[in-house]
Amino acid sequence: MSIQVQNIHKAFGHFVALDDLSLDFPSGELVALLGPSGCGKTTLLRVIAGLEQADSGKVLLDGEDASDTHVRERQVGFVFQHYALFRHMTVFDNVAFGLRMKPRQERPSEAEIKRKVHELLQLVQLDWLADRFPAQLSGGQRQRIALARALAVEPRVLLLDEPFGALDAKVRKELRRWLRRLHDELHITSIFVTHDQEEALEVADRVVLMNHGMVEQIGTPDEVYRHPATSFVYGFLGSANRFEGRRTAGGIDVGGTRLAAQADHAGEDSEVVAFVRPHELEIRLEQQDAGIPARITRVLSVGALTRVELEGSGSQDGQHYDVELPYETWHAQTFTAGQQVRLQPRALRVFTHNETAGRA
Amino acid sequence: MKSATLPRVLPGFTLSLGYTISYLSLIVLIPLAAVFIKTAAMPLDAFWQTVTAPRVLASYRLSFGMALLAAAINSVFGLLLAWSLVRYRFPGKKLVDALVDLPFALPTAVAGIALTALYAGNGWIGRHLEPLGIKVAFGPLGVLVALVFIGLPFVVRTVQPVLEDLDTELEEAATSLGAHRWQTFRHVILPALQPALMTGFALAFARAVGEYGSVIFIAGNIPMVSEITPLMIISKLEQYDYRGATAIASVMLVVSFLLLLAINGLQAWQAKRSGRSA
Amino acid sequence: MSATVSNLYAQHDRAALLESRQATRENPWVKAGILVAALGFFAVFLLLPLAVVFVEALAKGWGTYLEALTEPDARSAIWLTLSAAAISVPLNLVFGVAAAWAITRFEFRGKQLLITLIDLPFSVSPVVAGLVYVLVFSNHGWFGPWLSEHDIKIIFAIPGIVLATVFVTVPFIARELIPLMQAQGREEEEAAVVLGARGWQVFWHVTLPNIRWALLYGVILSNARAMGEFGAVSVVSGHIRGETNTLPLHVEILYNEYNFAAAFAVARCWPCWRS
C-alpha cells in the first residue's frame, strides 16, 4: 500500500517538529527515515500511524485520506523503539493480542489463533520461546517478537521506530540483514526510523534524509551517498573535511590556494563551502606541490586503514583535517607527526551558501 | 551478614544498622512481644472465651467487614482519582493533589467529629439522607464512612506513581493492534496497576481494621451493632481487665502481621513487575 | 531522539500530551464520567469534612473561638501535645535516617525482614500500641513494681504519652527516605569517599542535600501524626484534665460535653502550628 503525506505541520509548544512536510512512499518499498535527534523523523512516523495528530496536513493511505481514521482502524503495524511488549503476557499471548482484541464476529477461533501465532513465531525463528515472558528474552529476541506481534493483525503498512537502536553492535548487524530478508519475503510497505546512516544505507530501498522538520533529500542509498543534494546530507552521511572559499573559474580559492572543482551553478566569486571525504584527500610531501598547507599532528594505524590527523597552517590556521589511506600507502610513504605537508582533494563537493543556509 | 568479610566502601554500617535494630527493638518489638507473652500466660479456655464472646465476635464482623468494604470502595475511587490526577487537566488539580494527604495529616479525632457533624441527622449531608431512611452517623454506615475517609490516601498514593511511570507506549501498542480503549485498560493497564492497587488495598485495609480515633465519634458504639474491635480493647481496659484486653489485642496483632506479610509480598511482586526488564 | 522527546515531556504537561493523542485518551463522555465520579467522591469525603471543621469552629463567632483556645485546660493540652511532638519527631528523624542509610547503602541478610518490621507500627492498631506500654510499664506490668518503688510514673503520665506517640510515628520518615535513597543509588557517596571525604562529611555534603525534601515531607507527616494521635495516647494518658490531656483528648472531652464550637476551634488550631 502506498503512503502519502501532504503538507504536514506539527509543533510541540514552540518546537516545530514537522514543517509543512510532503512525501510519497511507494508501495512495497522499505524506506528509511534518516536524520539527527530532534529532526522530526519519529514524529512523522507517529503521525503516519495516527499515534500523533498533525496540526495541519493530510495522511493518505492507498490514496484515501486517513487523517480522521483512528489508529485502531488504520491497519498499521507499529514496532516501538523499546518494543512495548506486555510484560505480564507470554510471548504467545503478546503475539496473539491483536487477534484476540478483534470484535467477536471477526475474531478467529482459538485454534486458528494458535496456528497463526506459531506460523508468525516460525517466521521470526522464535517458535521455541512461545511460553516465555518478555523479561526472559534478549534484546534481539524481544525486537523480533515485537515485529511478529505487529504482523499478526496483517497490517497494510509496517512502521518501525529505531528498530535496532537499543541493541548492541553485533546483534544490530545480524538483525539488519534479517529485516532486509524478511521484507524481501513479505513485500509489505515499510518505513523505519534511524539516526544511523550506515543502517539506512545498508537496509533501505530508499532513504529520506530529514533535518529540522523538513526533507533534505530522497533517493536510493547510492544516489544520496554519491550525489548529496545539500551540505547537510553530505555531512550526515559520512565524515567530511570542510573548506570555506570563493568560486573561481574551474575551481575554488581557499585562502589563496586554488583547488580544482567541477563547474556548478554557483556564480563566480560567490562564497562557497566545499567538502571532501577523508579517503578522498591526498597528502603531498613536497612543499612546492599545490594544495592546502597543513601539519600532521597524529598518525593512527588500525587494521587496514591509517588515519592521519592534521592541522591547517598559514591561512588555514586552526582548521582540523582527517585523511584516511590504506595501510600499505602509508607504510610506503611514512609520514610522521610534526611534518609540514600539502593536502590535495581528489574529489571536491561544492555547495553555495544558499544550499546550506538555514539548514545545516 | 553475607558480605561482612568484604571491606565496605561507605562508612557507618555498624552504627546505622545497630542503632536501627536497637531502637526498633526497644520501641516496637519488645513491647509488642509483651502482648504475646501475657497472652501465653493465660489459660487457653479463658483466652478462647474472651476472644469469642458474642460482643467481641460482633466487633470482628463489623471491624473486618467494614474495613474490607471501605478498602474496596477506596480501590475503585482511589484509582479513579489517581487516574484523573495523572491523565487529565482540570481546574484546581494542584489543590486536589495536595488535599489527598489530608487524612494522613488531620488528627483522627477531628476527622471523626467532622464526619459526625456532616452525617448526623442535622448535618450538611445527613439531613438529605435522613428523609430517605438512610442513617449514617451513629451506626455501622458511619463506621464505613470514617474508614473510607482514612483509607483513601493509601490507595491514591500507591497507584499514582505507578500510573505516572506507566509506559504509554504499551497503550499505543495495544491500540495500534486494534484494541479498543476499554480492552486496552482491561488487558494492558489494569494488569500493570494490579500490584500497586492490591498494595493500596492492603494498606488501607490494615489501617482501617485498627482505626480508632475517627471511628468512635461517628459509630455510636451500640453493643452488638456498631462497636469496633479496638473499642472492645479500650472497654476491657476501662474495667481493668488487662488480660481480656491483651487477648483481643493478640488476635488483632496476628491479623496485622499477616497483612504486613501480604503487603510485603505484593511490594516485592510489584518491584519485579515494574523492573526495567521488558 | 529519546532525549528530545523526554525534554518535550518535561516542558509540556504530560497530561496535556496524553490527552492530545488518540491512543491514550478516552472519549469525552467517559472522561467526564471519570472526572465527575473522582471529584465528586473527593468533595464528599475530603473537602466537606475539612469545610465543616472551619465553619463549625467559627459558628459562635471569633470570641468563642479564642476563648476556647486560651482556656487553661486547652493551653496545657496544647503545651503537652507540642512537647510530645517535639520529642518524638527528632527521635524518629534520627532513626529514619539511620535505617534508610543501613538499608539503602549496604547489603545484608534479613534486610527485607527489617523493612517489614519498620512498617509494623503502620498496621498495628493505635489502641494496641497504647496497650503494649501499659503491659510493660503499668502497676501490673513487667516493670511496674520496680517503677513504683522508685516513684517513676510512665503510664498515665507524660513519658507514656511520648512513648505511644513515638511508636505510632516510627515508620514515617524512614518510609519517605528508603525509596528515594534506593533510587538515587550509592554512586555519589562512593565518589565522595574516593575523593577523600570522611563519614559525616559524606552524609552532610552529599546525602543530605539530595534527600532534604523527602526528609522535610517525612517530618511534616510524622509531626502531623504525632500531634493528632488519639487512640494510642488515649490508652496511656489516663485523661487527667490539665495534666495528661493532649489536644485530641481535649477535643474529645469538649465534644462529649457538647461544646461543639470549642471542640472545632481547638481542632482547627492544628494546621497553624504545623506550617
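Letters A, B and C mark the chains as written, and numbering starts fresh at 1 in each.
In this text, a contact is a pair of C-beta atoms (placed from the backbone, for glycine too) under 8 Å apart; a residue touches a chain by one contact, two chains touch by 3 or more.
Going by UniProt, the chains are A = Sulfate ABC transporter, ATPase subunit; B = Sulfate transport system permease protein CysT; C = Sulfate transport system permease protein CysW.
Remember, it's a predicted structure, so these values are computed and weren't measured experimentally.
Asker: Taking the touch definition from the header, please name the shape of the chain graph: line, ring, star, complete or other.
Answerer: Per interface graph, the chains form a complete graph.
Asker: When I count C-beta pairs in contact, which pair ends up with more: B-C or A-B?
Answerer: B-C
Asker: Where the centres are mean C-alpha positions, what is the separation of chain A from chain C, in Å?
Answerer: Here chain A and chain C have centroids separated by 55 Å.
Asker: Rounded to a whole Å, what is the gap between the Cα centroids of chain B and chain C?
Answerer: Chain centroid spacing, chain B to chain C, equals 15 Å.
Asker: Compute the distance, rounded to whole Å, between the mean C-alpha positions of chain A and chain B.
Answerer: Using C-alpha averages as centres, the distance is 54 Å.
Asker: Would you pick out the residues of chain A that each touch at least 2 other chains?
Answerer: Within chain A, residues 50-51, 71, 81 contact more than one other chain.
Asker: Could you say which residues in chain B touch two or more other chains, in rising order?
Answerer: 172, 174-176 - these are the residues of chain B that touch more than one other chain.
Asker: Residues of chain C touching 2+ other chains?
Answerer: Each of 21-23 in chain C touches at least two other chains.
Asker: Residues of chain C touching chain A in their complex?
Answerer: Touching chain A from chain C are residues 1-5, 8, 11-12, 20-23.
Asker: Help me check something: in the complex, which residues belonging to chain C touch chain B?
Answerer: That would be residues 13-16, 18-19, 21-27, 30-31, 34-35, 37-39, 41-42, 44-50, 52-53, 56, 94-95, 98-99, 101-103, 105-109, 112, 114-128, 131-136, 138, 140-142, 163, 166-167, 170, 186, 189-190, 193, 198-199, 202-203, 220-221, 224-225, 227-231, 234-235, 247-249, 251-252, 255, 260, 263-264, 267, 270, 274 of chain C.
Asker: Where on chain B does chain C make contact in their complex?
Answerer: 1-4, 8-13, 15-17, 19-21, 23-24, 27-32, 34-35, 38, 77, 80-81, 83-84, 86-90, 96, 99-111, 113-115, 117-118, 123-125, 145, 148-149, 152, 164, 168, 171-172, 174-176, 181, 203, 206-207, 209-213, 217, 229-231, 233-234, 237, 242, 245-246, 249, 252-253, 256, 259-261, 263-264, 268
Asker: For chain B, which residues count as touching chain A in their complex?
Answerer: 167, 169-170, 172-180, 183, 187-188, 191-192, 273, 275, 277-278
Asker: Can you check the complex and tell me which residues of chain A touch chain B?
Answerer: 49-51, 71-72, 74, 76-78, 80-88, 97-98, 101-102, 133-135, 137, 142, 149-150, 152-153
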